[in-house]
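In what follows, structures are represented as structure tokens.
Note that chain A is present in both complexes that follow, paired respectively with chain B and with chain C.
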Partner chain A sequence: MSLMDALPSPRLRWDGRHPNIVLVTLSLTMLAAFWLLDVVSMAPNRIVAGTGYGALDAFGWPGALLVTLLLSFIGILASQPSHRHYRALLAAVVVVMALMPVGLMASSYLLIDPEMSQARLGIGAAYWIVLFVLLLCLVELRLRLNLTRIWLTLLLLGVALVWWLCVAFGLERLALVQEFRARDQQFLSAVVQHIKLVGIAVSVSVVLGLALAMLMRRYARLQKSAFAVLNFLQTIPSLALFGLLLAPLAWLAANVPVLSQLGVSGIGTTPALIALIAYSLLPIVRNTYIALEEVSADTLEAAKGMGMRTGQRFWQVRLPLALPVLLEGVRITTVQAIGLTAVAALIGAGGLGTFIFQGLGQAAMDMVLLGALPILMLALVVDAGLGALAEALRPGGTR
Partner chain B sequence: MIELSHVSKRFGDETAVDDISFRVPKGKFCALVGTSGCGKSTTLRMINRLIEHSEGDIILDGQAIDVYDPVKLRRRIGYVIQHTGLFPHWTVARNIGLVPRLLKWSAADVQSRVAELMHLLSLPVDEFAHKYPHQLSGGQAQRVGVARALAADPDILLMDEPFGALDPITREKLQDELAKLQSRLHKTVLFVTHDMDEALKLADHLVVMREGRIVQQGSPLGLLQNPVDPFVESLLGGLERGLKQASLTRVKDHMTSMGPTLPAQSRIPGTFSLRQALSMMLRDHSDRLTVVDQHDVPVGELSLRRIIKEAQLDNGNPRE
Partner chain C sequence: MGTRVSNSLSVAPPHKKAPPWLWPLLWGVLLLVSVVAMPIAESLFRWIEPDARQVIYDRAELYVLLGRHLFVVGIAAVVTIIVGVAAGIAVTRRWGGDFLPLVAQLASLGQTFPPVAVLALAVPVLGFGTLPIIVALMLYGLLPIVRNTLAGLQGVEGEIKMAAHAMGMTPTQILRQVELPLAAPVILAGIRTSVTINIATAALGATVGASNLGDPIISGIVNGNMAYVLQGALTIALLALTVDSLFELLQRQLRSRISDS
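After this line comes the complex of A and B, so read on.
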């Protein structure tokens, strides 16, 4: 509320009677996107670029009218906000999100001739924009309604369930689904490999990073040089780092038989992990160092004065108090590593990046999406999960 | 008993504490008073070896502190600091039980001791045991701080400006409670403060420090009557000194038996101070008060002349 009070013009303050400008704008954006941009695209086969279709072609008159009504309903409710209206808005947003795959089913029924066995449906720009804007609406509504994380997660899980049911039973024409069906085993192992790479890289970085941060606290001189090196590593483009590692690792694998038996080689998992760890160290070390140093001197002094030994002070006081900031570092690092691992596919490390680069090579955009969307989802899930964990670990609930 | 003899502390070329000696007998309350940066906190922290002294001897109960393991020494000494130093990630109960747990008491013993202390410091167990420090007011947090210091029943209590960050009303309340607590527990207390009124109110013995040296030490009344130099005098409040002295003396020690005249209109309990008696005389435009006991029964009488005469007498032979 203090931020609200600091706003210069009283007219900008939300006091219940003025329209919620954010939601009204978002609703208008969705309406514009829905009517002006392609809702879906249809291609007779995998390689040919699809033809775009607008709202009327995709959903027919009744469907387009229903969507328009729903989106306008959001705008109208938002122009006279009240607690009840916000609840109705939340319901409307969730309903629209749940109806989106049903719309795709409708357009595949309307647009695709069952005779054309190769024909496939692509998701158009309007769909993506509406989905994105709906998520923004959820963010705004979460603030207005003080929704807890659990409620929001449940709502999104419900929407995800509807999507999954539609995909499983009625959306075999969707290009994304066809790409998935063509390589479901490969997809699953790519997801596992992606998570494995990220998991190993992050856990090794956490251990190394903690050790490094502790050393820095003990030897002040180490601090500057270590941060200089880590900062430098961070500036090397990821592709270049993978390339730079190729030669020395290939040489090592050729000359040290033990290493090659352990699976070290110029390409593949080893260089990918080394590069991922190199990138992950900086955020981990920086956050760990800051977290440990920021613990209040008064508290630590009291711990010492009460007769806690050095180890007890570290494990019982310093570390638990540093944990939320430290976990923040792990969160940032993990999200970053999930993205970077996509690039690791280039040097044969596998993971979801494989689909992105194969798709780019074959000019099959839906295959790129098959790689990119799970990466995005993975990043969001990890972000939310670790964020919730850090929040739960705050001393006494808040600080 | 705490005994310091010729103790000094140097940080490089700088001398923070310079050849100080004083004694806190067992069960007595000693206040270290001085302006900030005079070395009073350093002195306190040398006793539980948070700072090692450079020269001299610090002796606790007949043993030089150097022979103790610092950690074991600190567990034997209660320690209260200004900003409480409570652990924000622990509940009130867990904070209070810290030292007993460090001393490996059984869980049941810790729990009953925590309950006992919370009761002693008027913190209802049901209401506060599971609260976190950020949910407490300043006064409540410092009560927890005191309870934590008393948890393992140490003989010695070190308090470093414990009430310095509190508002005046809460501070006064906690001072009163501490005085009451001390009259029951008889700990050997060393209390650091820059607030002379607080020191006069609580302490049996005052040590005034300035720039690392002791300027004067003695009983509160002794200091008030004979400050050695203008610095001590200004710390004692300059012209207010007479009133402060009056506030240390109780009415019932100076009253006379009821005269033949009619009882005065204004009544004052015998436990009040001469300062309060003076204030009442000013308020009621009267030079005579009737002294009553706790049941409001008149037991004597106090006149303005008597107060002034007593002050003269006191100046002649200081208390103690």
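After this line comes the complex of A and C, so read on.
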């Protein structure tokens, strides 16, 4: 399940007498966050902690009034829901999302003295909460309007485009943008390294996992012990598994010169990849095994009756039917690996986690965000993409 | 509890099998030994790390770190279980049904968020120390519990509820005597997932200034002292295995109770 997947049967109420309590609540939450919490923060330079500013200081009273009106508009429309109102709500939510960076531009104009060349603008708690709640509104509206995946993707892409334009022209005061500008090459190579590690780990474990699942189908005795070992590995916390691999690998690298020439070392990508593969095997093997087992015996019997040979039955019937569940395993594994690779930065594997831990070490919160936000985005995009692929490959096509 | 275990043992088929409490006991004893008696193995760690000035982590006793780790995970677990189960119950009632689709979506969507990212995002808002860890653990641990409570409650067949209703049970009675007991194994599985993830995530808390079992690992990595890393890693791994095997035992008992009645 992902942002893109609707529940099979959303409960719909069309009559205007029942207000949509969900959207009204969400609208009130946003208003409360906007007025009670810090909207932005401003720091004279990178080291000093910023001072927070509320809605009036950040946007001035015209801006604060405009936001309040837009957010209340969502609540008012939702109290008399109809198909037309839901569409207006969708438009309002998208407009507010697209306006968010413009608000930041306004507050950098209002709050930052142009003389202070080092001054930077931080995004406040209210901003994050409103963004998160707006996404929840989108999820709810998607269910009410029965929006298709493509529409939602297009809307989000449009919002992303506006954000990108704002960042490119006129948000140079934003701390996040400054952190990025200071190390854009490093950022790019970290993203590539992150994706590379996840890619290698997932593809190796898909191959190994498929082989293991096949062996388990052939030798029933293997099944129990293999699952026990994989479960055991999955239980061990990631930091501990990385730690347990460090010492033996460091010893091997120090005492077996051939291995160290091959690139094996205690710190770096080797222990990271071993741990990532170890973690990835369980979801892959479990889903592959279940997927292959669950293909109905009748279908296979029919294939046999049609004169298909064993190999043909496997490649043309069993595997295609098992593919969606198998891909579900790949999806779970990849999303999990994206998070674990971030932890692997602690043992020197590189990737986006480097920014998180460096930032935490220097108490530079914007650098932490520079690492954490792309990881989150990566996980969401991969989740949605592989979810869509599994859906498309389901026998009988898309719903 | 002890008598109950031995009872179920004598009833169990004479099939040669380890008693169910063997694993929690084994892991628990190993955990205790490792937190108390780590200095005894000094010569072993000296062999691993011959050049280090110090091979036994001594900035805090391991059992103190274990206590703090358990404290953080425990508080987060208590809060998430109460809030998560309550939320799951609320949205499956008639009056909270409007929120069901959104909460169900959120609970499954949340699984996509990597715990490290959640932890990292909690720090700018809440600052360094133990508090952001507890909050991050609560937020993250909530989702599996809500998801499984929903799945468990929705898995109770409508006919069973209808029968309970026809017997004259009130909605509260149906919830307490029919729905919750039937959903309990699924809810417990959610709690197990939540606690397992939280033990691992809490260890990462050492990077944001919380002192717990992640400490020896982090400071070992920073100082290049593999002996520290091993001590921390072994203890966390044993903690995770002990807790997980306890949940396994609990689930087994719950299942046998359900199949008995």
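Definition applied: the second predicted complex is superposed on the first by the 375 of 399 C-alpha atoms of A that agree within 3 Å, B and C clash if a C-alpha of one lies under 4 Å from a C-alpha of the other, contacts with A are read in each partner's own complex, and residues count from 1 in each chain.
Going forward, contacts are C-beta pairs under 8 Å (C-beta built on N, C-alpha and C of every residue); 3 or more make two chains touch, one makes a residue touch a chain.
Predicted, not measured: the structure shown is a model, and the values here were computed from it.
**Q** Evaluate whether chain B and chain C can sit on chain A together after superposition, giving fit or clash.
**A** fit
**Q** Return first, second, both or neither, reflecting whether A:Leu244 touches chain B, chain C, both chains, or no partner chain.
**A** The second partner, chain C, only.
**Q** Now for A:Ser107: first (chain B), second (chain C), both, or neither, which partner does it touch?
**A** Neither partner.
**Q** Once the shared chain is lined up, is A:Gln193 touching chain B (first), chain C (second), both, or neither of them?
**A** Neither partner.
**Q** Could you say whether A:Val335 touches chain B, chain C, both of them, or neither, answering first, second, both or neither?
**A** In the superposition, A:Val335 contacts chain C only.
**Q** Which chain, chain B or chain C, ends up touching more residues of chain A in the combined arrangement?
**A** If we count touched residues of chain A for both partners, the winner is C.
**Q** Between chain B (first) and chain C (second), which, if any, makes contact with A:Thr288: first, second, both or neither?
**A** In the superposed model, A:Thr288 contacts neither chain B nor chain C.
**Q** One more residue to check, A:Ala372. First (chain B), second (chain C), both or neither?
**A** Second partner only, chain C.
**Q** Given the touch rule stated above, what does A:Val317 touch, chain B (first), chain C (second), both, or neither?
**A** first
**Q** Have a look at where A:Val22 lands relative to chain B and chain C in the superposition and call it first, second, both or neither.
**A** second
**Q** Please provide the least distance in Å between a C-alpha atom of chain B and a C-alpha atom of chain C in the combined superposition.
**A** It comes out at 24 Å between the closest C-alpha atoms.
**Q** Once bound in the complex, which stretches of chain C touch chain A?
**A** That would be residues 48, 97-102, 104-106, 108-109, 111-117, 120-121, 123-125, 128, 196, 199-200, 203-204, 207-208, 214, 217-218, 220-221, 226-227, 229-230, 232-234, 236-237, 240-241, 244 of chain C.
**Q** Within their complex, state which residues of chain A touch chain B.
**A** 298-299, 301-309, 312, 317, 320-321, 395-399
**Q** Flag every residue of chain B that touches chain A in the complex, lowest number first.
**A** Chain B reaches chain A through residues 45, 48, 50, 71-76, 79, 81, 83-91, 98-99, 102, 132-135, 148.
**Q** Under the definition above, what is the set of chain A residues touching chain C in their complex?
**A** On the chain A side, the touching residues are 1-3, 7, 10-11, 20-22, 125, 128, 136, 139-140, 143, 232, 235-244, 246-247, 250-251, 266-267, 335-336, 338-340, 342-343, 346-347, 353, 356-357, 359-361, 363, 365, 368-369, 371-373, 375-376, 379-380, 383.
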